[in-house]
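Across the two complexes that follow, chain A remains constant while its partner is chain B and subsequently chain C.
Right, the complex of A and B next:
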């Protein structure tokens, strides 16, 4: 007689959550899809999608949002990878300190972190008072409601999402590989590009996907730092749904936004597979 | 590491690496520090550095009944959503964690998908769905919406704890005659409790901080704290918000410290 398997649990234990997700996650998304197919004069069709995709302004908002996400992801990568690498190599209390520095903002409210950036970037803010006391500028610079300020603020808000998966991936690399690479005559840069980077790619892709997804849907930061002049998809959807009560159009926009996000996430993953193939050659 | 034979290579790499890491660290820490300092200003504006220091804005906070009301709502929803997320999430994690079946892998991806999906689109679709059903927005609809976006944290952390569990312990317990329920209570649960706790903590923070779902599912009667703060900031730059932020930052750091002691939170996230 075969022994009963005591190490796994029956799949039916997942059914309460599966039902909950079916009712309150999948069904709302189906409702969204259904509503987006409602035409302007009743009836069903793709007219809402046609309206969005043929409107230069709307397309501009969509592309601007995706472009913003890429810029923030790049900024998080350029700053986050060195931080994760330093933390992993250092170990001990330096590593603990960096983890605390990464965790605290991750768990602090987005509103508070964005609010801090208003204090930093504002006319009387930290940067402007510093520059004017050094005599470098006469009139305050405009950084609030400007794209550079928005990218910096979003990068800070989302950086933990990049650093944590990177640290996980880097801590799995056997340190003797670095010594081996050096002993075989590779310099630091070559070791970084040929050993470290390929081996931490899974973490890098995971971090990039999370950062990108969070940056493009970071409604609060976009609206407080970007102000009224810069419109991105979340703000545009909110405006159409709440201020204008144009639900079918807002639903179509949401579906297009979801599909665009999914496409970029899949592209990131494909890029990861491609890069892994390259690393093995 | 041994002496590198390429001094320029080594110098440029290490220099740039530490420069960027330091910049990242400043970028991560500066906002928190600046908010804390500004919250003690005695002036009327958010000037940094403040002209003088006082506790006046913390005093003003005692009078801000709108914020008190929103805080109470946010805490209620976060507690209920976290409880629901732990109940549903732990059961689901048990089912999918060690199962090699494709259906288990698919369910796992489904339960984690709210982490990637733009939450604003989900918030809007929930509003449409509930209004189709004729359910007015209430604390109940908020709890349901929050649970969907909080469950992934519980599932992910519990699955991670279950994956590290030694199967031999469960087999040993069974071969000594323990029932499955007894084994669960005495072996599995104590070993995965830190994972459940840290997942629950992250779920609580995600709900307390949630904006994209609350934005659509609340009304004046169910005002939520992050939304109240956001709307106050859009109207005018209020120093009371800085004092409130100061309190929330200290409470968050306290929560992280407690969780670190109880569950080794940082080891679970890295």
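Right, the complex of A and C next:
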């Protein structure tokens, strides 16, 4: 007799996790939703949402946050895809070394990692001292408390979330497909765009979603590297809830943020489904 | 087509292979490029320090189908990858037509390859797979589609253009791979164990199909295989490789009937290798006294051997016959295997390995039960003798 398929284990095995999620995820979410519907002068309604959506500053913060997420995702993709390609094609210790290098940031405390970036990017930091001692710049470049530095720091932290799914997808590609493409007259770039990229798209989408989600919610990095001048949604929500004790408004902001992020994630997935590489299992 | 500057290859345009005389290329509405000659000139390849292929010389005429035959690890796949350009040989030259192609990357060699696992692009339709090489050459879309359609018709898959490779059977996938390789009108077609993944009945059909397409296209073809039957049945000539060395390069019947080495004799077809001593040569040929008793006249020696030296004599099962008389080598039947058209007996002779004897059943080769004492007659002038391994 055949063993039961591993995917058909009784549902009750999942019940402890379901309870946990119910108590600590679904219930607070419902509470959050309820809280967000409370008006400023009592009563229930959508006034908090209206206040957020009609406020140019708040909308700017929301869009800025999503834009930051896209930039970090793009940076991770541009830097991570070649890395994943090299790691997949190289075997043995080279591959191990790359994985280790990519994983190391994950194993370091986020605060320590962020302070390291401050040391690198600061006015008297490593980059500025190097550039000015070479005589390339007169006055220190402003990288800390600027968005470029923030994108770099976030991209470094989120890199494994991009590289690991990409490596999984790339290693599933039959190497003889590359040979076949070349033998049929396609150069390296054509092979990359017509064969490699479509076939690693599932991993690329997964990596992009993970990177994006992690980048826009990276509160500590955003606050320390971004400093006071740049405000993103996590910091903004924190400000409203903790400093101003405006809980209903913070709750509404959280819900709007959640919906916006879900929309972006769905857009990523739709992009993937458009390309047919996704259909391949 | 430019005239060849290489002596051996120069004959290619003058004497096309017999195959192309029957080609139906014209009936398909285009003039196919004449198959170009391929010369492997002193190819040696080392991986690190290990020699994979050593000083292999092959001179392949235009339109010829040549098999690279050998066990795994003999270097045949290395040679294929060198011709395709995936590997750069350590020494030697690859010449296609009158051009040395060593410096060209795979994408500019005009080499069509059918991979062992077919390597079809899973995210492209069958028609897009076939058109891939044309798209890479910048052909207009309408031409790509028309050409893909023509080639799919040629491999009898005209109806399957819109499907994806995973929706096709193994044999169909192979035909798509073949159509894709032929679409670029390759100067050379390389087939890497293309039939290994097919079951036996389908394999024969596909072998006939490939042979037919190769003739239609008139393309010079290199077939890598470890299957000697496949090599013998499909090839114009067979190159037998062992441990990176070319053992013999000749027509299939020559390789089978007149093997030049013990390896070729035992790898191609089956052979009973029996020890003996060379007595000398006379008008009939070399005479060999077998350790198991009896004397055999072999075919002329491939390389000279001093009289009195120990030799290994290769007796093919069909060279042997069971007799009732008192002549021949005495033995006892160990096993009788009726194999449809033939019957094979294993007969113990002396202390060595039992001899296999194959006789046609129609010719009176009846089954003899185990334990029957028999005599074995050897057809003269067919067996091959080689120096005994030290």
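Miscellaneous remarks
Please note the rule applied: the second predicted complex is superposed on the first by the 267 of 281 C-alpha atoms of A that agree within 3 Å, B and C clash if a C-alpha of one lies under 4 Å from a C-alpha of the other, contacts with A are read in each partner's own complex, and residues count from 1 in each chain.
Going forward, a residue touches a chain if its C-beta (ideal position, glycine included) is under 8 Å from a C-beta of that chain, and two chains touch if they have at least 3 such contacts.
Everything quoted here is computed from the prediction, not taken from an experiment.
Residue contacts after overlaying the shared chain place A:102 against chain B, while chain C stays out of touching range.
Contact with chain B, but none with chain C, is seen for A:192 once the two complexes are overlaid on the shared chain. Greater residue coverage of chain A by touch, when chain B is weighed against chain C, goes to B.
Contacts of A:182 after superposition on the shared chain: both chain B and chain C are touched.
In the superposed model, A:271 makes contact with neither chain B nor chain C.
Using the contact criterion defined above for the overlaid structures, shared-chain residue A:213 touches chain B, although it does not reach chain C.
Legend: residue contacts after superposition of the two complexes on their common chain; A:174 is shown touching chain C, with no touch to chain B.
The intersection of chain A residues touching chain B with those touching chain C, taken from the two complexes, comprises 179, 182-183, 185, 187, 190.
For chain B in complex with chain A, the touching residues are 1-2, 4-6, 9-10, 12-14, 16-21, 23-25, 27-32, 34-35, 38, 45-49, 87-89, 91-92, 94-99, 101, 103-104, 107, 110-111, 114-122, 124-129, 132, 144-145, 147-148, 151, 155, 167, 170-171, 173-174, 180, 183, 202, 205, 208-209, 211-212, 215-216, 226, 229-230, 233-234, 237, 241-242, 245, 248-249, 252-253, 255-256, 265-266, 269-270.
The part of chain C that touches chain A in the complex is made up of residues 84-86, 105-113, 115-117, 119-123, 132-133, 136-137, 166, 180-181, 184. In the complex of the two chains, the chain A residues touching chain C come out as 174, 176-177, 179-187, 190, 194-195, 198-199, 276-277, 279-280.
Interface residues of chain A, counted against chain B in their complex, comprise 4, 6-14, 16-18, 20-21, 24-25, 27-29, 31-32, 35, 78-80, 82-83, 85-87, 96, 98-105, 107-120, 122, 124-126, 129, 152, 155-156, 159-160, 163-164, 167-168, 171, 178-179, 182-183, 185, 187-190, 192, 209-210, 213, 216-217, 219-220, 223-224, 233-234, 237-238, 241-242, 247, 250-251, 254-255, 257-258, 261, 265.
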